[in-house]
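Scrolling down, you'll hit the structures one after another.
First chain A sits with chain B, and in the next complex the same chain sits with chain C.
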Partner chain A sequence: MKRNGIYFWIGAALFLAGAMLMTQVIGNQYPFFACYVILQFIVLAVAWSILGGYAGYVNFGTSAFFGVGVYTAVFLFKATGVPLAVQIAAAAAVGALMGFALGLLTLRMQGIFFSIATIAATIIIETAITNWRYVGGASGIQLQRPAVMAPFDNYVEMLFFVQAVMVVLAVAISRYIQNSWIGRGLQALKDDELAAECTGVPTLRLKLTACVISGALMCAAGAPAAMYLQYADPASAFNLNYSVSALAMSLIGGTAHWAGPVIGAILLGVTQQLLTVTISSEVNVLVLGVMLVLFVVAAPEGIIGLIRKVRSKRNEGEG
Partner chain B sequence: MAPETQAPLLRISALTKRFGGFTALDNVSVDIPPGQRFGLIGPNGSGKTTLINCISGAFRTEPGTVTFRDEDITRLPPHIRTRRGIARSFQIPRPFRSMTVAENLMVGLDFAADTSVIVSEAHRREAMMSILTRMGLASKANVSATKLSQVELRKMELARAMATHPKLLISDEAMAGLSSSEVDEVLDLLMSLADQDITIIMIEHIMQAVMRFSERVMCLEAGKIIAIGTPDEVMSNQRVQEAYLGT
Partner chain C sequence: MFSFELLLDAVVIGVLLGCFYAAVSLGLSISFGLLDVPHVAHPAFLVLASYAVYFLNEHYGVDPLLAGLLITPLFFLFGLVAYRLYYETFEKRGSDAGVRGIAFFFGIAFIIEVLIILLFGVDQRSVTADYVGKAWRLGDMRIPFRLVVAFVVAAALTILLTLYLSRTFMGRAIRAVAQDQEALRLMGANPIRIKQWAFGIATAVLGIAGALLIIVAPVEPTLDRTYIGRTFCVVVMAGLGSMSGTLVAAIILGVAEAIVLTLFGASWAPAISFAMLLGVLAVRPQGLFGRRS
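Up next is the complex of A and B:
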């Protein structure tokens, strides 16, 4: 366990060093544009699976959290011009509050009812933002990027690195939850909430914890998006595509292990980027759907499940 | 250790539970002294499971209080009650299906174990294995909970309950649907647990098991206590016979 931890942090450090090196070496802007989106989806998928995977509460409201993250940043930037780090931290705080509210919802709603409620919440929040003139309303808002900071010579490169840091943060949190008593408690309540409660698991507290962390990460992931596009509008910030992608990436990767959503997000994110460039941005939605159907039918436990199955078969063969 | 002078471990006073217009429990009061093997019987729908849901906290009750070890626990959520020492098994087994037998027990040890005895991970594993050994499930430790037979599942439920370090164990029809040799097996297990100062409430339809096990028996009918006393007294009670056999 300890050695695993060391490997994990070495891997994380190498990943960040690699990202930093990329910003210093590569001159072309496109890789950063593309990789930023993939990194963003890793954060969203990992955050989604903390609630949807570990606790089994399927949240269709990823786009609500993402959009609120975007608009928290937009509002703060327009009102005060605070730096990006503050925008992200504020978005995380707002996301945590939203997550708390979502967690209270689990008291009364489970299964499909919870999922439907999250879709409803998304629509309500989007409608509210659409009617908020200060942040641009339905027509959206143009944003002027501020000057870029020291080691980076381009704003997108900086955003790319910031998102890479968030990936490490999200994965580290998810991994910690999985390996700790929180993870065991969430797994128990996912299997059977009443039995978990009667075995001493504080189900409500754990669900609230999962919702708060998941919500904070999703909102934080959305905060830099406004600066990335230099533009924000409700229809794209609250696009259902974020919800579907985060869910699909987690399920395709497998929710039983923290690495699942990472694998799923990289696989689907890269595919989407390739398709967007080579065919069209509409086809990637279709491909997402087809892949999700294929995995649900052929490998319901996702890629992680496939790997485990192969491993256990090999072990049986040896034993 | 005269039972008259001893404070009850569990005191249920004037408990009433209604579901809409239906009264499942009607003004039920009973004291259970520590260490007693208590049998709870009654025809289907008489309120037995409702009563234990009220004791374990799955249902909230309005009129009435539940007192455990001199503490009013009426308003406490189930997981706190579990930590106070009330454990239960379920009528239809509810294992954590994604886990192995060992992991099922570890949930109890992680969240409700006696922290004065069990502090480290090694302690927890040791405690887990000792419970499994006692329950005769040691060989199944690393088997998925979905792969267990019915009797193993029942035993695992009791083992998981034991992992929470209970002072009161409620067994909700742990023997339903088992063969007679399996019934004896589970009964012996419950007897051996009762010998270790665990108070046990056993709900059961199998009369021989109730008669053999219980020191005191209570019979519910339509949410009311119709008889309480030694097994022989209750069995010879006119109303109990009517409730079970009809008039």
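Up next is the complex of A and C:
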């Protein structure tokens, strides 16, 4: 276990160093534009998996948290012009609060009722933002990027690196939860909530914790998006595609292990980037839907499950 | 400013609109309410039906209501296949069907949405018929004729389905399977075939509901997202599986929407059904006429 931990942090450090190196070496802007989106989806999928994967509560509110993150950043930037780091921290705080409130309201519901309630919350928040003139209302708001900080010579490169840091943060948190008593408790209540409650697992408290952490990460992932696009409008910030993407990436990767959502997000994210460039964004959503249905039907444990199956077969063959 | 006439206007329109909402929710009331299938793709099926009606109307000049009737058998078969697929992949395997079942239907909904976009484009589509666009004048009140058509058809549909579920053998079997599947199995009946039949009926109703949807207002591929709120709000508020309850709940939603629309404007409209849904789930999850208390 301990050696595993060392390997993990070495890997994380290498990943960040690589990202940093990329910003210093590559001059072309396009890789950063594309990779930023993939990194953003990794954070969203990992965050989704904390509640959806470990606890088995299918959250369709990813877009709600993402959108609130975007608009927290927009509001702060317009009102005070605080730097990006503060915007992200504030978004995380708002996301945690929102996760807490939403969790209190909805986590007593089970199965489809919880899922529907999270969609409901998304639409309600989107409507409220649409009617809020200060942040642009339905027509959206243009944003001017401030000057970039050293050592980056371009704002997108900086956003890329910031998102990479968030990936490491999200994965580290998810990994910690999986290996700690929180993860075991969530696993127990996923299998049988009543039995878990009876044996003394504080189910509601655990679910709330998961919802708060997941919400904070999703909001934080959304905060830099406003600066990335230099524009924000409710219809795209709260687009249901974020919810389905996060869900699909987690389920396709496999939710039993923290690496599942990462694998799923990279796989789908890269495919999407290639499809968007070569064909069209509609086909891109179609592929997402088809892959989700295929995996849910044919490989319910996701890619992680497939890998485990192959491994155990090989072990049987040797033994 | 706000006056009594305006309120009366809103209530009348709301009742008509409510009956229409009942028509589009009846299928979900069977599939989700009675059969416990997490059918999030129901609104997507509905929009698909609307586009089928649009296609028949645009290219062959078929009357929208007739077109709705024509596609009903197709949708019945579609429903049979869809349930079979769902049963074989999820219900049969049992464990953890909830999470994946929802994801499955959401995936299906997305696929339908994109297919519609690829086939028909993202523009709004509407149908032409004699009764679309005209209005009745009742004193100072102006009632769009399309809403009246929707009202009449929806009321007939609700009565027919209620009768079907309470009077016919198959209808009673459907209600029985909702109450106790094991008991039915012990009586020597096959619950799966009854459920499949019920899901077929639930999907078939969407043919006509889809026709009403495109008669009442133009449709666009992503319209199903709004109707997730409306249909689930109606079904949950009604109490799962109650047909008459569906009508009452739909009228409550229709009136609430019409009043908020007159008071605050159209930009708040999408949130109403979702807010009511959230409220019902939080305060009275068994609904107004719930079968489970």
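Things worth noting here:
As a working rule, the second predicted complex is superposed on the first by the 317 of 319 C-alpha atoms of A that agree within 3 Å, B and C clash if a C-alpha of one lies under 4 Å from a C-alpha of the other, contacts with A are read in each partner's own complex, and residues count from 1 in each chain.
Definition applied: a residue touches a chain if its C-beta (ideal position, glycine included) is under 8 Å from a C-beta of that chain, and two chains touch if they have at least 3 such contacts.
A quick note: this is a predicted structure, and the numbers were derived from the prediction, not measured.
Superposition of the two complexes onto chain A shows chain B and chain C fitting side by side, with no clash. Contacts of A:292 after superposition on the shared chain: chain C is touched, whereas chain B is not. In the superposition on chain A, A:266 makes contact with neither chain B nor chain C.
By the touch criterion defined above, A:116 lies against chain C but remains apart from chain B after alignment on the C-alpha atoms of chain A. Using the contact criterion defined above for the overlaid structures, shared-chain residue A:184 touches chain B, although it does not reach chain C. With both structures placed on the common chain, the touch criterion links A:22 to neither chain B nor chain C. Touch criterion met: A:203 reaches chain B, while chain C stays clear of it. Contacts of A:194 after superposition: chain B is touched, whereas chain C is not reached. Of the two partners chain B and chain C, more residues of chain A are touched by C. The overlay of the two complexes leaves chain B and chain C separated by a minimum Cα distance of 8 Å. Within the complex, the chain A residues that touch chain B are 181, 184-185, 187-188, 190-192, 194-204, 256.
On chain B, the positions that touch chain A within their shared complex are 56-58, 77-79, 82-83, 87-88, 90, 94-99, 103, 106-108, 110-112, 160-161, 163-164.
The residues of chain A lying in touch with chain C in their complex are 52, 56, 58, 60, 105-106, 109-113, 115-117, 119-121, 123-124, 126-128, 130-131, 138, 240, 244, 247-248, 251, 282-283, 285-286, 288-290, 292-293, 296-297, 300.
Interface residues of chain C facing chain A in the complex, by the touch rule stated above, are 32, 38, 40, 85, 89, 93, 96, 98-100, 102-104, 106-108, 110-111, 113-115, 117-118, 225-226, 228-229, 232, 236, 267-268, 270-271, 274-275, 277-278, 281-282, 285.
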